[in-house]
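Next come two complexes, and both contain subunit A; in the first it sits with subunit B, in the second with subunit C.
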Partner chain A sequence: MAIASLRGLSYWYPGQARPALAEVDLEVGDGLTLVAGPSGGGKSSLLRCFNGLVPHFYGGRIKGGGEVAGLDLLTTPTRRLARAVGFVFQNPEAQLVSPVVEGEVAFGLENLAMPRREMRRRVEAALSAVGGLALRQRRVTTLSGGERQLVALASVLAMEPRLVVLDEPTSQLDPEGAAAVIGALAGLPSVVLAEHRLDGLAALATRQLTVEEGRVREGISTSRAPEPRRPRAPGGVAWRLEGVAAGPAGPLLAGIDLVGREGEVVALTGPNGGGKTTLLRTLAGLLKPLAGRVIRRSGRTAYLPQDPGVLLHRPTVRAEVELTLRRSGSGELAQVVLGEMGLLELAGRYPRDLSAGERQRAAIAAVVAGSPALALLDEPTRGMDPAAARRLRDVVDRLAGEGCAVVLATHDRELVEAVADRVLTVSGGEVR
Partner chain B sequence: MPNPRAVAAWSLAGLVLAAGWSNPLTRLLVALSGLAFVGLRHRRGVRLRGVLFFLAAAWAGTALLNVLLSHLGNDVFLTLPGWLPLAGGTLTLEALAYGLVAGLGLVATVLTVLPLSVCLEPQDLLVALPGPLHRTGAALSASLNLVPGIARGYLAIQEAQRMRGWRPGLRSLPEVMIPALLTAMEDSIQLAEAMEARGYGGGPRTSYASQPWTWRDSGVALGALAAVGLVLAQPPPTWLAYPALTPPALNLAGLAACLLLLLPVFLWRSPASAA
Partner chain C sequence: MIVALASLAGVALFLWPYLGLGPFPAAPALAVAGGAVVLLAAIEAAARRLDTRLLALLAALAAVDAALRLVLVTGIGGFSPIFFLILCAGFVFGPTFGFLTGATALLVSALATGGVGPWLPYQMFGAGWVGMFAGLVGLRWHSLPALAVAGLLSGFAFGLVLDLWDWSYLRGAPGAGFTPGLPPAAVIAAFGRFYLVTSALYDAFRAFGNVLMVLLLGPPVLAAMQRLKARFTLVVE
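== the complex of A and B ==
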C-alpha cells in the first residue's frame, strides 16, 4: 500500500517561470526509495512536498495534489504533517535546535505536547535505534557532522513517523559518518533518500528514481568508470612547509615537513577534525604557523573554503568570476571557466538562488579563474552530482597542466583516484 | 543557567533606563553593564567581536553624521567650504556631543537586548514564551540567531574574500558584510524550516527539561524591578534640543539603578561553566 502519493503535481517557486516539478505522478510504498539526479534537477523540491514545506514554507504556485498517510498535502500545514513525515536535512550545522542532544531529540515530542515520562522513554528508544545512546548528554556543538546527522535522524524517529525523508544526509560527512547514518536506516519501514554518492546504497534500495528537470522517472543510470589518468611531469618546488606547527587554537599539527611541486596534485585525506583544513589554511597564509616556515612560489593562491556560501555575493554567477579575474589582473575570459564548470546556462542567475551542488560549482569557478599559481580546494566535490565531479576533475587536470600546484582536502575516493599524484593522510596531528 | 524570564526582566529594566534618562552618564553605565553581562556571562562558543565592531561603527557613524549634517550650536571647531553638499558650513561641538549621546543610546539599547541572544540558548527562550506567542517564537529565535550568526560567519568570509584579492577598506566592506548577513539569514531560515518540519508552532506544548527559578534569578529580577522603580520615582527629564557643553550632573539614583543592573555578573555563573 502506498504511504504517500503525488498526482499530476507541478510546482513553481515564487517568481520563477520554469516549474521546479512538472507533472509528477508518484506512489511511495514500503522500503527504501532512492532518489538521484543532477543538482538543481528538483530532488530537494520533490522531497519537500512530502511534508508540505513545498508549498507551505516556500510559497509559490502549485498544481495537482497529493496525500501522505491519509493527509492532504495542500491543505494540511507542515507542523501537522510532521507527525506522519520525518525530515532530515542536508546541512548538519543548521538543523539542530537545542543545545543538548536529549533536548534536541525531545523537541518534536514537546511540540506534540507529550507528557514528560513518555518523552523520556521515546528519547531513549530513538537514540538507541540509531546507536547513539552514549551521545545523550553531549552538547550539540561538540558533535562531529556524522553524529549530528544521527541525532537529527533520532529526533525524527522519536516522533514515530510513517515515512522518513532524507535530503542528501551524507553529502557533508566523512565516509565513516556516512556509513553510520546509512546503517541506521536499516529496519525503518519506509524511507525516501536523495543522494549523489550511491556506492553501497543502490544495493539497499527497493526502488530507484531519477529526478531531472522537474520530472521523475524510474531507474538510476550508473556513472561511467573514470577515464585512465594522464601521467604528469611535476616541475620545480611550488610550496614548502618546514617544521611547521599550526592550529586555530594551539597546535593541531606539529613538526610538519612537506614539499609540493608545480603541476603536482596532492590530496589530503583523513577523518574530520584531523587537521586537513588547518593544513590548507596554513598553506594559504590565512593561519600563521605557530612554529616553522611556510614558503609559497610567487603568484596568486586560489582558496576554496568548505562553505561556498561565504564567497558568493555578486548579483550573477558571471559577475563572481569576473570579480576574481579583475582582481588578479588576468586577461582570461569569464566564459572559459564558466564553460568548464558547466555554468554557461546559469551564468546570469543569482548565485544564492542555486541548488547546493550548483553553488559549489559557481564557487569553484570563482576561485580558480585567472590562472592561479597555487590552488587549495577544501572538499571541492561536496554536494556535487557525478557530471559536475567529472568537470571538476577536468579543471584540476587543466590547472596542473598549466603548472599550477593543486592541494585538495577531500573524502571523495573517486576524486583522489582520478586526479591525485600523491595522497597524504592527515590524522591525529600527523601527516603521512 | 539563568532563567530566561529573569534575563527578560533585566533587559526590560535596561531598556527603561537607556530610554527613560537621556543623561549620557546613565546611558554609558547601562551600556557598560550590558557589556559586562554579555562579555562575562555569554554562552560557550559565542564570538562577540563582530557584534562589538558593529556597535562601535554604529556609534561612530551616528556621531559623524550628526557633526557633518546638523551645523547647530555656537562652539565651532571647523568650517568646511560651502560648496560641499550638506556637509559644507560650520561644524560644532554641540552637534558632536548630541551625536555621541544619541549613538550611545543606540548602543545601550542593543546591549540590553543582546543577553537574550548570547547568554541564553535560543531553545530556552522558546520554552519560556507563553503559548500564544509560539508562532512569533519561531521568527524570534530565527532573528536572535542572526546576530551571533553574522559574527560567526564574518571571519570565515573575510578569509575567503581576502584570498580573492579583497583588501579591508570602507568601500570594500560590503563584500564581506553582504555574504555575512546573507549566510546568517540563510542559516536562520534553515533553522526555521527545520523547526517547522518537527511540528513546532502548533498549539499546546510540553517541555522536556524544567527551567528552575532559583534565588539568583529572584535577585536579578528584584534588582531590575528596583532599578525601574528608581527611574519612575524621578521627575521626568527636561527635554533639551541640544545638550549644553557642560558635564552632565551625577545623579545618585541613576548611579544606583545602573549598579543594580550589574547584578547578573555577580549572581549568575556563565552557562559555559555550568555545563
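== the complex of A and C ==
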C-alpha cells in the first residue's frame, strides 16, 4: 500500500522555463526510499512535493497531481499535510524556532494542543530515538550544526508522522551523528531520504531512485574513481594560534597552540560540537579569543560559514563574485571564478533561489575569488554532488598552489583524503 | 470592489462636518476606521485573496513602517519615510493590499510612537488611500516613473485630504477658515487659501520626498516584493 503517489507531475518554479520536475510518476511504499542525483537535478523539489511546499509555498506552475496519506496534494493546505508528513530540511537553521531544545521538540505538539503528559512522553521518546537526550535543556544557539540536525529530526519524530522526509540529513554530521540519524530511521514505517553521501545508507534502503533533470528513474549508480594526490611544498608561517582559549559562550577550546603554513591544507575533523567551527571563527577573527593570541599573515581572509545562506545577499551569483573581486582589488575575471565552480549557467540567477548544493558552490566562488591569503572553509562539501566536490578539490589545490593557507572543517572523509596535508582532530576542547 | 466600500466610510467621515452635521466624535471615528480595516481584511481573508502569507507580509510591512516612524518621528516638513513602503506594497500587490498596508501601518506606528489621537482615523484612511492609489496606478502603468508620479501626487493629496479634517475646526478666521452655511464655492475658495498658506510647502517635502525614495530605493524593494508575489502565485494546469 503506497503512502504517497505522484501522477504525471510536472512543476516549474516561478519564472523558470525549465521544469524542476518533469512528468513524475511515482509510488512510495513502506521502508526507506533513497533518492540520489546531481545537485540541482530536482531531489529537493521532489521531496518538497510530499508535504506540499511544492507548489503551495514556492508558487509557480504545476501539472498533474498526487496524494500523500490519502490527502490530495493540490487541494490540501500545507498545515494539514504537515501532520501526516514530517520534513527535515537541508539546513536545520531554517527549521528551529524555540530557544531551548526541549521546547523545540515540543513545538509541533503544542500547536496540536496535545495534553502535557503525552507531550512529555513524546519529547522524551523522540530525543532518545536520535540519541539526543543529553541535549534536552541546551539552548539551541549553543548547538553545533550537527546537533541542530538531530534536534530538527527529533522535533519531526515527536509528531509521529506517517511519512518522514529528510533532505540530506547527514551532510554535516560526524560519523557517530550520522549513525544516530540512520539508526533512528530504522524504526520508522516510511522514509524518503535524499543524500549525496550514500555510504551506509544504500544497504538499508528498500528502494533507490535517481532524480536528474527533473526526471525520476529507478536505481542509483555509484562510481567513484580515486584521484592521484599532487605533492605540495608549504612555505612560511601563514597563521599561528598561541595559547588560545575560545568559545561562543565560555571556553570550548583551551590552550591551543597551532601553526599553519602558506600553501598548506589543514583539515579539522572531530565530532559535532567539538569546536571545529569555533576554531575557524577564531582564526578568521570573527570570534575574539578569550585568552592567547591569533596571528594571521597580511592579506584577505576568505571565510565560508557553515550556512552559506547568510553570506549571499546580491541579486545574482555573478554580482556576489564581482563584489569580492572589487573589494580585494583583484584583476581576476568573474567569468573564470564562476567557471571554476561550474556556475556559468547559474551566473544570472538569484542566489537564494538556487538548490542547496548550487548555493554552496556560489558561496565558495564568492569567498575564494580574488586570491585570498587565508581560506577558512566550514563544511565546504555540504550538499554537494560528486562532480561539485571534485571542482572544490581543484579549487583548493589551486589556492594552495598560489600560496594560500587553507583550513577546512569537514566530516567528508573523501575530501580529507583528497586534499589535506595535515589532519587535526578537534574534540573535547583540544586539538590533536 | 470591497476596498471601495471601505473607502466610502472614510469619505463619509471626512465630509461629515461639511454636510452641516457638526464635528464627528473622536472615539466613534476610530471605530469606523478600525472597523473598516478589520472588515476589509476579514472579507479578503474569507475570499482567500488574503492568505496567511500575505497577512504575514502585511504585518511585517506595518511593523517596519512603525520602526521607520520611530527613527524619524518628526520629518523634514511633511516628509516621512513611511509612505515609501505603502506605495511599493500597493504598486506590487494591488489596491486592496495597498489600502490595508497604509491603514495598518499608520495604526501600528501610532501605537508605537504614542501618536494616538483624534487625527488617527483620518490618517489611517489617508495613508490607506495612498496605498490604494499606488495599486490602481500599478494596475494600469507598471513602471518606476509611474510609481514616482503616484508618490508625487499622493504626497500632496494626503496633505490636502487631511487638511479637510483639521480645517473643519478652524472657525472665525475670515477668508481662510471654515464657516458653516456659506455657499460651496466660497467654502472651497477659503479652503484653497488656507491650503496654499499653511500646507502647500509642507506637503511639497512629502511629495518630493516620495519621488526621491521611489527612485532611489524603489528598484531593489520592488524587485523583492515581485519575487514574493511570484511565490504567492500558483498556476495549476
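In the analysis below, the second predicted complex is superposed on the first by the 348 of 432 C-alpha atoms of A that agree within 3 Å, B and C clash if a C-alpha of one lies under 4 Å from a C-alpha of the other, contacts with A are read in each partner's own complex, and residues count from 1 in each chain.
Keep this in mind: a contact is a pair of C-beta atoms (placed from the backbone, for glycine too) under 8 Å apart; a residue touches a chain by one contact, two chains touch by 3 or more.
Everything quoted here is computed from the prediction, not taken from an experiment.
K.L.:
Taking the superposition as given, does A:G131 touch the first partner, subunit B, the second, subunit C, both, or neither?
P.N.:
Neither subunit B nor subunit C is touched by A:G131.
K.L.:
Thinking of the overlay built on chain A, is A:P248 touched by subunit B (first), by subunit C (second), by both, or by neither?
P.N.:
In the superposition, A:P248 touches no partner, neither subunit B nor subunit C.
K.L.:
Between subunit B and subunit C, whom does A:G15 touch in the aligned arrangement: first, second, both, or neither?
P.N.:
second
K.L.:
Who does A:F57 touch here: subunit B (first), subunit C (second), both, or neither?
P.N.:
Touch partners of A:F57: subunit B and subunit C.
K.L.:
Under the stated touch criterion, which partner chain does A:T301 make contact with: subunit B (first), subunit C (second), both, or neither?
P.N.:
The answer is first: A:T301 touches subunit B but not subunit C.
K.L.:
Contact-wise, after the overlay, does A:P189 reach subunit B, subunit C, both or neither (first, second, both, neither)?
P.N.:
Touch status of A:P189: no partner.
K.L.:
Report for A:G401: first if it touches subunit B alone, second if subunit C alone, otherwise both or neither.
P.N.:
Neither partner.
K.L.:
Report for A:V123: first if it touches subunit B alone, second if subunit C alone, otherwise both or neither.
P.N.:
first
K.L.:
Residues of subunit A that sit at the subunit B interface in one complex and at the subunit C interface in the other, please.
P.N.:
After superposing on chain A, subunit A residues 57 contact both subunit B and subunit C.
K.L.:
Considering the complex alone, what residue numbers of subunit B touch subunit A?
P.N.:
Of all residues in subunit B, those touching subunit A are 43-45, 121-123, 127, 153, 156-157, 159-166, 174-175, 178-179, 182-183, 186-187, 190-191, 193-209, 275.
K.L.:
If we count contacts the way the header does, which residues on subunit A are in touch with subunit C in the complex?
P.N.:
Contact set of subunit A toward subunit C: 14-15, 55-63, 74, 315, 350.
K.L.:
In the complex, go through subunit A and note every residue touching subunit B.
P.N.:
Residue list for subunit A touching subunit B: 51, 53, 57, 77-80, 82-83, 86-87, 89, 91, 93-99, 102-103, 106-116, 119, 123, 139, 141, 155-156, 159, 281, 284, 286, 300-303, 305, 307, 309-313, 323-324, 327-328, 352, 366-367.
K.L.:
Which of the residues in subunit C come into contact with subunit A in the complex?
P.N.:
Within the complex, subunit C contacts subunit A at residues 220, 223, 227, 230-237.
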